[in-house]
Each structure stands twice: as C-alpha cells, then as structure tokens.
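Two complexes, one shared chain (chain A), two partners (chain B, chain C).
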Partner chain A sequence: MAALLFLAQTLRIAIPYLFAAAGGVVSERAGLIGLTLEGYMLGGAFGAALGSYYGHSAWIGVLSGIGGGALLALVYGVSAIRFRADQVVIGIAINLLAIGLTRFFLRLAFGSSSNSPRVAGFGAEHAGTGVSALLSNPMIWLGVIAIPVIGWVLYRTPFGLRVRAVGEHPVAARSVGIPVPRVRYSAVILSGILAGLGGVYLVLDQHQFTDQMTAGRGFIALAATIFGRWDPLRVGLACLLFAAAETLQIQLQGAQLIPSQFVEMIPYVLTIVALAGVVGRAVPPAALGKVAE
Partner chain B sequence: MALSKSRKLLVLLAVLVVVHVVFLFVRPTGASAARSPSDVNVGIVFDLGGRGDKSFNDGAYVGGTRAERELGARVRFIEPGDGSDRESGLRLLAAEGMDLVIGVGFIFTDDLTQLAKDYPRTNFAGIDFAVATDPAGNPIAPPPNVAALKFREEQGSFLVGALAALESKTKKLGFVGGMDSPLIVKFEAGYRAGVKEVCPQCTVLVGYAGVTPEAFRNPGKGKELALSQYGQGADIIYHASGSTGLGVFEAARQTGHLAIGVDADQYAEAPGHVLTSMVKGVDEAVFDVIKLVKEHRFRGGIYQLGLAEHGVGYVYDAQNRGLIPDSVRSRLEALRGEIVAGRIYVPSTR
Partner chain C sequence: MMPTPGAPAIRLTDIHKSFGPVRANRGASLEVMRGEIHALVGENGAGKSTLMRALSGMYAPDSGRMEVADADGILHEVTGWSTAEAIAAGVGMVHQHFMLVSTLTVAENLMLGAELTKDGALRVLDTARAAREVDALSQRTGLRVNALQRVSELSVGEAQRVEILKALYRGARTLILDEPTAVLSPPEVAELWQVLRHMRARGETIVLITHKLDEVMSISDTVTVMRHGRTTARLRTADTTPPEIAREMVGRDVVLATEMRQDAAMAGEGWAVARDGESVAPASDARSLGTSSFPLPALEVRVLAVGNARRTRAVDDVSFSISPGEILGVAGVEGNGQTELIEAIAGFRQVRSGSILLDHRDITHTAVRARGQAGLSHIPEDRHARGLVLDYSIAENLILGQQHRFARGGFLNTLDGDRIADNARRQIAAFDIRPNDPTLPARALSGGNQQKIVVAREMGRDFRVLLAAQPTRGVDVGAIEFIHAQLRGARDAGKAILLVSADLAEILALSDRVAVMYGGRFVVVLPRAQASESVLGPYMTGAEEAA
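After this line comes the complex of A and B, so read on.
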C-alpha cells in the first residue's frame, strides 16, 4: 500500500517533467536550446486558467493552454531562427517575459497579480489519492504517453528524421533539400505545446493559477533532457528519477528523521551527481545553439 | 540633396527633446499639485504573492482602505515583482514624500532599515519586520523612524494546534510550511506546543515546501506535501505557506479531510474543509499605525502583537461553528486566558 502511494505520488510529480522534457527533446534535437521550457510551462498554465475559467470546461483550458505555450515558443522561434539571436540570452528573456506577461494579464483578467479564481479542472472532490483518482485524470494519461510518442515521432517518421538532421548538420540537411527553418519552427512550436501541457496539468490539478507556480519545473525538465542524453526513453526515466527523489524528500520530511534543509537538497544533489558523474560526457546534437546558415 | 543621415538624426533628437520638455509640464489627471495639510499620505508595498492572496497582503489592503475611509488618509499601493522592484517600490514612495511607508512582509526588513537611514524624516513600518539580534541574542532596535510590527504567531498557532488535536480522530496532525525560516518555524513551534498541551500522545507530521521564497508560491508542492501527510494518517493539516497552502486546501477537498488556514479567514478556499484559520490582525495593525501617524503619535520601535493585543486569533463564526463543538470552544477560550495571563508560555523556536 505504501509502495503504491509512493509510486502514485512519483507519477503525479513526474507528469509536468515528462511533458516539458518531451518538449525539451524535440527542441534540442532540432538545434534549439530548451532554456525556455520554464516560460512555456508558465504560459501554458496561464492559458489553461483563462480558457478553463471563461470556457467553463477543463478541455477548453487544455486547448488554450496549448496556445499559451505555442505562442511563447513562436516568439522564441522567430528570435532564434529568423533573427538569429543568441539562444541563451533570448531564452532567459523569454522566461522573464513569461513571468511578466502572465502577471500582467492575470491582473487584467482577474484583478490580482498573484492568483486566479477557482477554475474547472480534472479530478472531483473526495476523489481520494488512490490509483483510481490517478487514472481518471486524462492529463496523467497524456503525460505518460508524451515521451513514447515523441520517441516514435523522432525515430519512426520522416519529420523526426528531418528534425534530427537539422539539429546535427543543418548545412547537409539543406543540401538534400530539407527546409531547415520550417522544420525548426515546427519543432520549437511542438516543444512549446508539450511544455505548455505541463503547465496545463498543474493548473487543472490545482483548479487555480498562481503567479510563477511552475517554480523551476521547466529547468528540472531541461536537466532531465540532458541527463537522458536527448534520448526520449532515457529522458523519461530521468524525469521519473527526479520525481522519485522529490517524493522521497516529501516522505522523509514527514518522518522528521533528518533536518529538512538536508532533505530539501536531495533532488538537487542528485541532479549534480547525475550530470557530473553518471552520465559521463553528454554529447549534445552537433548544431545545438548554433545559428543556421 | 536630401538631408544627410546624421542631420536627420539630429533633427529627430531635437524634436524628441522638445516634446520631452513639454511633457514635463503636463500634470497627469488626478495628481494634485499640493496636499492639504490634514492629509496623511501612506504608501504600502505588498509582499510576494501580492493582492488577491486572500491572506496577508489582502489584510494590509483592507487596513489601508479602511484608513482611507475613516481617517481620510491617501493610500497608494504598490505590488512589486521580484527582488529589486521591492526596494525601488519603497524608495519611490519615500522619495515622493509619503508620511508613512509600509512594507508588508519580513522580506522588506533590510530594505526598510537602509531606507530609514536615507530618509530620516519619513516614517516607516514593517509588517513582520525581522528584528536583528546581536551575538548575545539581544534584539537590536530598528532605526528610530521604523516601527517593527511583529505578531506572536506562535500564540495563535498554539490555539489552532489545540483545536486540531481536540478534533482529530486519528491523533495525527499535519503541518505544511512554506520557506523553512525562523518566521515559519514560529508557526510550527506554537502549533506543536498547542497539540501537545491537550493531547500528549498526538504526533505532528511536518513538511516544508522549500528553502527559498519561491516555496511560498508552489501550490503543486503544497498539494503533494498535504496528500502525503493525509496518506500517512493525519486528518487535519495546518499550513503557513502563502500560496503554496492553496494546494493544501486542494488536497483537503480531494481527500475529504480538514485543513486550517493562516493569516486571514481562508474558509472560502475549500468550504466545509476549513476547520478554522489562524488570523493575524494585519488589517488592524496597518490601520492603527496609520492612525498613529495621523495623530502625530508615531514612535519607532518593536511592537509585539499577541493574543492579549488581539494581534492574533482564530476564526470562529457562522461558517465553521458547526465544525467546533461548544466544549472545544470553551476549552480553547480557557487556554487563551492562560496564555494572556502568562501561565502558559508558548515557544517560538523548535
């Protein structure tokens, strides 16, 4: 029973990571650094709150959340692909933009720059914490299949082949007639949609948007993308590992055996150890962060 | 023949400068040239979380608007973003010549201390101002123009802890804190002491959302912490975690358990699932300090607002009366009397 609860909690915590990391894989495999995942998540979260509130339906929230993530991804894509801006700089700017924009429109729509009113979401009252409550949430299902679907797209479809090609060697890709900018735009917008869904999950689970509620989850997803060496299966496992560490941290805190500050460090220490030690040399896509010629 | 590029640029700059100077003389509508002498001008800068947090900041807002209504004060509210905006918000208000500048939240402590030196003629007040201590542990008084408004959160938390322990069927209680910091530890310590006072065999599960200020707005983490504690058998959870606590209420809804709100009456967050709320009289404190300034009786120093001063308390009204039996209520009132009389000492550290 306890093990089942542990697994259920791990899965719930992993869902936003899985969505965002799936987006991270697509973006980085196409050669665009995934620093912006955090911003996409926040945009998706806010879009979901707007859609769910005004549309009175969680599914409208899902759609508008997708729009929120895609919109920020488009801004990133235009800056990085069309105007060839430095991806790290523009990535940080997009994240700050997402914080400012959501706060601004939150104020405009709901008269507060910290919280939205209660919105429709998935999960009924008194649904409990068991496995059935978990399975009745469609966002959980979407999150679980996000990584396998991305794996299939990357390795089994012509589009996936093109994405990998433009991320490794854009010049060679263009010489065989692949429209490099178009493939990169598609990849970056797909990444915005996926990461946006991570934010959508958070909002529909909480029935509320809170300013900066993504709280760094996009960066953990980026770490998982690198930790998993840009391979969807390994990235998915990395997400689960980070989520399990967080679950462990939560459960250990309750027991109060170890000082909470120490327990708080677990996920971060794990990230450092994993990235520095276990992975060894992570070889990124060759054209990652480079300006397409 | 056409003007050269640099000439065009010069002309453009000249035009812009003229326009700029013209605008300097334009007074925005609503801004008055001179203040009438009876006015009290107050600036309030909100904490992280901002307006609409349904707790702390909203309390300050209520106090400010009441002062506008009843005292004729003119109050300006600033809702800052991250980090540096906070300091500049306070500085802006001080530079505008406000009579009183209030920073809502302990996070303003350093900024207020610095600004009070830069603007010695302006009065400042800090809600939850964290008074520094010297190496011997004695408090260092804030600058003479700063009023440190501190609440004895441990005393209010003691009462809701006792209430939770009296109501608990599983004899297990939960506590969810935001940022692991001395301020939040006060809530935890008082709560624990209250639980132990009426139920020595009860256990308290404790979880903190993090060690940075972001831990106050991570409802996803709050929900998981709460679900975990409910899963381990706790049936009532008290939170002191800002917006993170919204996740605690969501967990209470989902599992059908009870939660206890903080700072303001949070019953509306999850009707039927909020046993009570430990309320801080932020509105009263803000109103009172504005009143002191208006009556020219403002003094800097440390103000400790506890149960005796009605600075803290718990909600007992028509909404949650059904959840609290009369016998429990009278027991709590007896405890309150003991604390006010000094017969029970409530700890504020672990």
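After this line comes the complex of A and C, so read on.
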C-alpha cells in the first residue's frame, strides 16, 4: 500500500514535468532553447484559472490555459525566429514577463495580489490524494500520454522528421524546400501548449492560481529534457526520476535524514553531470539556439 | 515533342545579386545545353555559387531573367523561384557543404521535404517504402549506399553519393554540383566522373562548379568562366587550353604554380609514370629519402598521440622528422587527424603521449608563445577562426601573437603605433597585400589577401619551422601562385616546413617527401619521386595499409 501511494504521489508530481518536458523536447529539437518553459507554465496556469472561474468549467480552463501558454510561446517565437533575438536573453525576458503579466492580471481579474478565488477542477471535491482520485482526473491521463505522443510525432510523422531536420541543419532543410520558419513556429507553439497544460494541471489540482505557483517546475522540465538527451523516452524517465526524488524528500521530511534543499538540487546536479559527459555524451541538436543563418 | 540534345536546358540572362555591399553577381549570363557537362569556373568569390544558388531557388536574383526547360524542352521563365519549385522542375543542386542532416538516416534525408506516408488519416511516415525506393535508385545509378545507415556514420565520399542520390530521387534532370571533388580522394573522384558520364549518356544535364582546371579539361564539354561576378567567356573545352581559361579567370597571364596539375590533366595517368621515370635521379638526393639523413632535424615528432572530442586517438602514434630545407607534405582526406596533429604541434591541443622536439628542445608542453620564440610559425587551416581577427585592421592582424614585441615597455607598456605602422608598410609591400591600406579591417579583403596577411605575419619574421595547414584554401589562383613561391623560397632558405593540404596536387607540387594520413596514422611516407596520385590514392581511402 505504501508503495502504491509512493507511486501515486510520484505520478502527481511528475505530471507537470511530463507536460513541460514534452514541450521542451519539441522546442529544442526544432532548435529553440526551452528556457521559456517556466513562463509558458505560468501563463497556462493563469489562463486556466481565468477560464475555469469565469467559464465555470474545468474544460474551459484547459482551453484558456492552452491559450495562455501558446500566447507566450508566440511572443518567444516571433522574437527568436522573426527578429532573431538571442534566445537566452529573450527566454529570460519571457519568464519575467510571465511573472509580471500574471501578477498584473491577477489583480485586475480577481482583485488580489496573491491568489485567485477557488476555481472548478476535475473530479470530486476533496477526493484526496488516493489512487482512485488520480485515475478519475483526465489531466493525469493527458500528462501520461504527452511524452509518448510527442515521441510518435517526432519519429513517425512528416512533421516530426521536419522538426528534427530543422533543429539539426536548417539550411539543409531549406535547400529541400522545407519552410523552416513555419516548422519552427509550429514547434514552439506546440511546446507552449504542452508546457501550458502543465500549468493547467497545477491550477485545476489546487483549485486556485497563486502568484509564481510554478516555482521553477519549468526549469526542472528543461533539466529533464537535457538529462534525457532530447530523446522522449529518456526525458520521460528523467521526469519520473526527478519526481520520485521529490516524493522521497516529502515522505522523509519527518525523519530529516538529509536537508530538503539537497534533494531539491538533485535535478540540477544530475543535469550538470549529464552535460559534463559523465554518463554517456549529451549531444544537443546542432542548430539549438541558432536561428540566424 | 521530344527534347533534342543540344537545345538549351538553362538560360540565365544578366543576373545581378548583392549581399549588402558585396556584389556577388553583376551581369552574369549562362546557357547550358541539354545533355552536356558544363563547367562553371572562376576564382573563389567570382560568384559561381551565388549564380547557381539563384538557379536552385536558394536566393532570388535582384534583377535578370532565369529560364529553365521543361521535360519537353520548352523554356519557361522561372526568375526568383523557390527551392521547392526548382526541385519540382527537375533542377537539383549538390552543395559544396553537404546539405545532409547527420542525425537522420540516408532514407530519411532523401525523403525529407517530400515525405512518403502510409495511407490513412494519420499520415505516418513510410520509412520502409522510402528505403526500398532508395535501394532501387541506388541500383539503377550505381551510387551504392545503405538506406538505413545514419549519415553521421558515412565517409565523405558516401555522403556525396547520398547528396547526388537526393537530387536524383527528387527527379532532377539537371544536376548542379558545387566543387564536388574538394573533399574526395582520387579514386572517389574517378568514381564520380563515371557517374556523371553515365548521367550525360542518359541525356541529363550537369553543371559543375569548380576552380580546378584539370577537372574542367577531363570531364566537361563546355566551359563558362566567371570573374568578379560577371561571365567573361564561354568556350568549348575541346578548343581551349588551361592557360587560356586561367587567363579568363584572372584577367591576366598567370604562371601557374600548379602546372603539374594541368600536365596531368592533359596526359592522364601516363604523365605520372613518365614523371616518375624522369625523377628517379633526385630520389638519391638526401632530402628525398624516406628517412632524412640530415644530422639535425629541425622538427621531430615521436610517437605522438592526440585526442579530440570524438576519438581518444585522433592522432595515433605518429612519428616523423623534418630537416632544415625540407617540405614534408601530409596528404589525406580531411578528418583523418591532420587538424589534431597540427594543433598539437602548434600548442593548441593537449598531447596524450609522445613528444615534440624543435631543434632538439622538447616543446611538448610549452606555451604557444614560447614555441613561437623557439622558432615555430603556424599558418592555421581556418584563417577566420584561428588566423585573423576580421574586425581588426591589417596592421593589427600583422602583429597578432607578437604584440609583445611591439610594446614600448615600462609601467603602462602601451603598443608602439609607429613601429606597428612601419611593420605593416613593410609586410604589405613584401607580400603584395591588396588594397595596401593598413587601416582597413581584414574583413574588407578578399580571401586571397586575407590569407596573405596570415602568411606575411608567420613567414615575415625569423622562424625555423613552419606549420602550413591548407595554406591556399579558398584562395584565388594569383595568390596560390604567390604563396607557393613563398613556401618554396622558405624551403630553399633552410626552413623546415610541415605542409598539410586536402589538395593532393598542391602536396605533389611542393613536397620533398609525402606522407598519407589515414585513421590518425601515417600509413605511408614516400620520397616525392615515388609519389603520384595513383600511388597515394589507395592509401588515402584506407584501401592500402602500410607495409
């Protein structure tokens, strides 16, 4: 039973990572750095709160959350693709923009500087944290299939083949008639939608939006993308690994065996280890971060 | 109506194209007949690639008219079309830098942009069918590839086959090849010529961009020459000579430093034999022997091993020595450890094991500046990455790495502008750098003159040993002539030179001894008299191993 609860909690924690990391894989495989995942998640979360509150339906929240993530992704896409801005600089700016914008509209829409009122979510009220509550939440199911679906898209569809080509050698892609900017816009907006869904999950699970509620989850997803070497299967496993570490930390909190801060560091330490080439070599897409030709 | 051979397949009229201030094409015209191999020649920067990229839809020309014949031989105006339209109309280009995605398989690269999908709503990629089609095409054309192999695992020659197949797969009836032999070993070049002749026999049209005159003479039917963005001559290959083409390319008479290359082109393989025969005598010369008999080698490398990002032994136990007054040429297909060897000797790359001795002093672990003071000069293979700071002036580039010698000393230790200007004036005159204004940024100069800055800096000072890596890459014929003369002059003045070049003709034209590098090793070292393209070729592909 304890094992089952551990798995259930790991999955709950992993869902936003799985969504955002699926977005990270799509974006980075197309050559756009996924630094903005955090911003998309926050945008998606706020969109979900707005939609769910005013639409009185969790599903409307899902749709408006997708819109929030996609909108920020579009801003990033236009800056990085159309205007060829430095992706790291723009990425940081988008994340700060997401914090500022959600805070501004939080005050405007809900008259609060800290959180939204209670909003509709999925499943029964106070269903608890049990396994049955998990299974009844469609966002969980969406999150579980996000990574396999992205893997299928990348490796089995013409669009995926083009995404992989564009992120690796955009000039070659252009030379065979592929509209490189269009593929990149599609990929970056898809990543905004996916990461936005990660934010949607948080809001619908907690039944409210709180200021900066994503709390670095987008960066953990980016770490998972890199630690998983941009391969959907490995990235999914990385998300589960990071989530399991977090669950362990929560469950051990009473025991205080190790300071919780060290557990929180695990994703980043593993990412540095991965990038340093300790466990096999992490080779990023060759055109990552380079849009200007 | 069936198209007749000899009818125009392509007609470009008065094409202009600028990139910012650079006018790459200014009134270029080209007419290519169906079923011919048409050589488009010119010095680097003459605008050949730009013109052909416009034809393949990569750029739209600023002005001018482009016409391409359809399958019935009727010309249609296509000015400013897209790559997709060009491909649909049967115009395919094989670029100088391969347009292949190295992480994808051969089949994936071929269908990229024209993906095959299975029936059904989901449009799933049909990789199996793509692989079958690739195999069928491979059989038909004789271009052997493995459809399911990743491109990153292919040799350069195989990658080029994939590039040609890619164009043919998309139904190209006109194939444009941009400097296709730059990275090939001689047997691979011979194989490529065979493929092109087969295509011509089937009535397909080929445009070959090149600056190598032997290629023009041996394969083409017609030649169009470009100079400074204009097309200056259209000649029938059978009616012209290499000096005539060279004159059109440069705009003046050129004493071709690579005369041997043209002799070879005209006499074919027979030349190499004859040449070998007549050069038997110098083989007894001490300089030409496999191991130098000079008592004091200027540069000595002992069982050197060097790693790179992919391989721990990119240079794998290489030993050699070079005497004063000797050029050791290192031939080989690029990527066989030449870069790592040069960088290790120059001091940019850590040595794993072995040692490097300059005048019997161990410099294996000394700093780059100390090596320079010990008498080492280095012309790096990539002048933009390692040889120049493009935004610095000519005068500043001429003191890079030796700036400490132009300092006033004292507490502030500022640079001495007068001495720098004086040095620049002398070097610009001695090495004929044009334009001769020392304040111009290096970026403003042609490739040949940029290279002369590097050559002037490295050879215009006191040195004992010169590392010359690809010293004439991307350099016009006039500058090649000049740089080759400088290298020969330095050799005759008693300098030891390690020459690395992907251009086998250059190696044969300059070296006293020739080594072939393959897989990180010197697979063979021969006196010049015993080396020829036909002897070295098999070693370059790894077909022949060292005895």
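Assume the second predicted complex is superposed on the first by the 265 of 293 C-alpha atoms of A that agree within 3 Å, B and C clash if a C-alpha of one lies under 4 Å from a C-alpha of the other, contacts with A are read in each partner's own complex, and residues count from 1 in each chain.
Convention: a residue touches a chain if its C-beta (ideal position, glycine included) is under 8 Å from a C-beta of that chain, and two chains touch if they have at least 3 such contacts.
Small disclaimer: the values here were computed from a predicted structure and weren't measured.
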For this session: Overlay done on chain A, so just call it for chain B and chain C: clash or fit.
Result: fit
For this session: State whether A:Q87 touches chain B only (first), chain C only (second), both chains, or neither.
Result: neither
Seminar exercise, completed: chain A contact check, chain B vs chain C, more residues touched by chain B
Exercise. Does the superposition put A:T271 against chain B (first), chain C (second), both, or neither?
Worked result: neither
Exercise. Regarding the shared-chain residue A:H169, is it in contact with chain B (first), chain C (second), both, or neither?
Worked result: second
Seminar exercise, completed: Quick note, chain A centre (C-alpha) to chain B and to chain C: the enclosed angle in degrees to the nearest 10 is 130
Exercise. What is the contact status of A:L202 with respect to chain B (first) and chain C (second): first, second, both, or neither?
Worked result: first
Exercise. Thinking of the overlay built on chain A, is A:L161 touched by chain B (first), by chain C (second), by both, or by neither?
Worked result: second
For this session: Determine the nearest approach in Å between the Cα atoms of chain B and those of chain C after overlaying the two structures.
Result: 22
For this session: Quick one: which bits of chain A touch chain C in the complex? Just the residue numbers, please.
Result: 156-158, 160-162, 164-165, 168-169, 171-178, 285-286
For this session: Name, in rising order, each residue of chain B that touches chain A in their complex.
Result: 49-54, 57, 79, 81-82, 180, 205-208, 210-211, 214, 217-221, 223-225, 227-232, 243, 246-247, 250, 253-256
Exercise. Where on chain A is chain B touching in the complex?
Worked result: 5, 9, 12-13, 16, 99-100, 103, 110-115, 123, 125-129, 133, 202, 205-208, 210-213, 215-217, 246-247, 250-251, 253-256, 260-261, 264
Seminar exercise, completed: Note: in the complex, chain C contacts chain A through residues 56-58, 82-84, 87, 93, 95, 98-104, 108, 111-115, 117, 122-125, 166, 170
